[in-house]
């Protein structure tokens, strides 16, 4: 049975970080408070777990399972959607995680393209995604594109054409690239029960102008409330206000990029803004230096307070 | 004396093709009718000559001069702005062209970064641009960024910071890249008498949402009238209509890209749509095959008629 | 205790393919005959298992373990070295595989850099490798560099400087890149008990000239006997003969590259040359078409028979 | 008439720097002493003028002409070959320079691919080169490949196949790339009257092993005498000695690269080693800082004295 069409994803979805303890082990105890923080302080109603922000590629399959379970458990009744990212380099592992996601009551699954062996054609990528999705046919399936990490430049439009013939549970895309020609073509082609979600936080306003149904990103963990204002301004056609908020977000990210931004630094900023103890990233990401952490937190407050 | 501030560039600027005859020589006789076509059929009021679309890098300095003269002559009183691109690999040549542009009454000059030797820092690029601009200090100066051609990835924001201290005649940017974080920061930093012009025709709507003052591009030669409608829709906050037009433009360009789009193919499409005889491109660009030309013209008409 | 220094790897090491059955499951039954073939027909005395050629990134950890066991079992007493590649995107998984390799009697382990999250500095990469190696401190450890797959461009020389202070079991490098400045600096820095192995089969002769101690590659599975002749010619200073053989190998590979060469096509060629049933690759690699397989086999025979 | 076949280029060819005065103007007075230095101190018998090292792309056509004339005049009777590089972004300019080179008695001409508009196929590139070469049909013609600068990755083998049908004066290649599969195929295909010259100084030994007929490079300006020793060692099959010299050269270049090596820094090092006053580079290259110049000169002497 194909998934119900009454749960279209819209608005802001936070791509969650994975809490680790000081020894670098998964720290489930933070997840409850993390859900509290997102719902209460950032107004977030959807989460995307075990994605890039969640360092999923640095986790074992077993770790990803316990994390997915805990997120589903804690978010139950509090979030509208928990999308579990199940993409791995290995199809076997991805299928294993997809089956697991179905068992634990995830609201949807997503999969990234493998990136060590890169699919050479849209056809190869579609077949890979089909094999993943078919392991959990009752769950809405989302393709997660992020070429800056994967190096896979297959146009998303080519991936999604007639995709429901291969993947009846297909429900949308997390598009985390800068090619808005491709993005626009996806929006134009999108079916009413699909969600085309934009994933470059630093230029979400452009994605909205092009017709994005919503957004998935890491910075919504700590800037969700401001981005919600931006979306509201956009929806009421107050582009000047929307732009003002977007430029503030850009100012923070540009500052961070110049000083050396990565998922480890991002995680530290989230810890510092939220007060949650998310711990260090796992190697090969390096912990954020205390000096950099302080500079970023100051910048955050100077922009948003 | 710095250039007057009363001539801020807005709206659509067509980056013109360079007419060649069958022997591959510059064909000035087409320029008069070309100006007629742009003004009468496409509603274009500004042109950017000898840019990428104009194959300037494939022209000699002498050819660029006679072309610039003819464009200025024919556009006089009919266009609001003729911006002459004077950027070359060689600073000497760029300065020569800048001085010439001042003599022939151009409304502004623009310069691209050299791309064989790439400036390694914003500082090196700023110094290059300063030397070019100072050869024609009375003309408004625009920096022309197009990283897909130059491979130069210096953030434009870093180039334009405090740039009037170095280049008093600085008046704006033609930003032809996809990094809308950088673009947004440029818009936010832009001075009231500057123009931040977006140069990726396939995603202009995103540029407008981010605050672009106008656009410079090659497709406005043959789609200017439709893009004008898109801009009007955007300005009246009819985003649905704006998006519909943008998606049509994307559909054409996406079709062309899949079949092999380049400046030579683009030039042929302009010839076929306009009826002007623009001739072949110069090597290393290859002439567009008749089959491809026919397919593109059909697609154009199927979308816009 | 650090590993013994009496087992320096030299000569040709075949990077083995992973046999799959028609359903895409690991097919252990081929491994015995595979070892026979390599030793008897190709004169191979060392194997590198579960590497890129072995599609390790497309395998689950459990699959990699049973494969490593079977290779160690079948190669025992017949090969001089079985090096088990244990690198994964996840440090946890890599450590798990390293511990396992020690238990099953591997002669050494190797690890690639993670490539989804890319180490930003040599320091980050060294720390990752240290954590992997320390899980199997009695096994000789090799760093496996292959920037065309990983996108990690940290100079190998920067990785190996003073590396024994961090990794006492360090014994060498599989260098599968084209930067022979870096390679030469590694050879010059190499310690007597280290092996600097070159991994670009198409230009091994260049690696030998630069001082490689040996070679690891996929084509030695089916061209090992010819490459052995090339190495002998090089060692007896008959460069004309060595070059003649290298150019033949290049001719085959160049032909294959133009027709679309990847690990799936490579695997098919090995099946066809050896008569072993290695099966298809796993997605996202696609099976080699029968037509392409035939062309390559014909080319192989036309060159080497 | 096609050029005589009795002047095959072999051995070391220095790619010369362009002397500028303090105002950044071409300084012809240094060229006589420069020829003296190369012949007397470095044992150089061939020069490649107005190439990448000579900053040709930063020079005007007129400057390139006076430079070519002076080099031909001063080198007459003292050098075996003066090859004048005539490649430009513009075919017109390249043809103009080719005709000029024939008039002033150059021994050969070379042309690089245009790199702003990049030829999309070998066919497009071949046609461009044909048009250049045909402007000076009596001069030996060489194709100059340097993908790190041009971004043009057309295999050289595809360019040179049956090239004499298009370019009867074709006599060889300056191959300045790292793809030794392509290089080897070029060597294997090369005709007896052609020269396949390698252009990556940091790994010339690899090029020699693959069968290079000689080398063209910038570092031979100040390390020619040492590289001659390396070539002699290679020719007498003393690979250990050849490698020792190659590693010294690599040590210097690696040191320079880490500190920021480019044509401007390279030029300063040449000035400092030779005592010639070559002046600064032209923008967008920046002058070498005195501190960096001193470090490099010290390193040079510490390695070679």
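In order of appearance the chains are A, B, C and D, and numbering begins at 1 in each one.
One rule holds for everything that comes next: a residue touches a chain if its C-beta (ideal position, glycine included) is under 8 Å from a C-beta of that chain, and two chains touch if they have at least 3 such contacts.
Which chain is which protein? Per UniProt: A, B, C, D = N-acetylneuraminate lyase.
Since the structure is predicted, the reported quantities are computational estimates derived from the model, not experimental observations.
Any chain touching chain B that also touches chain D would appear here, but none does.
The distance from the centre of chain C to the centre of chain D, each centre being the mean of the chain's C-alpha atoms, comes to 36 Å.
Here the CA centre of chain A is 50 Å from the CA centre of chain D. Annotation for chain C: no residues touch 2 or more other chains. Every pair of chains meeting the contact definition is listed here: A-B, A-C, B-D, C-D. For chain C in complex with chain A, the residues that touch the partner chain are 52, 55, 57-61, 63, 89-93, 96, 113-121, 123-125, 127-128, 131, 149-151, 260, 262-263, 282-286.
Considering their complex, residues 157, 178-182, 184-185, 187-188, 202-203, 205-211, 237, 239, 242-243, 246-247, 250-251, 253-254, 257 of chain C touch chain D.
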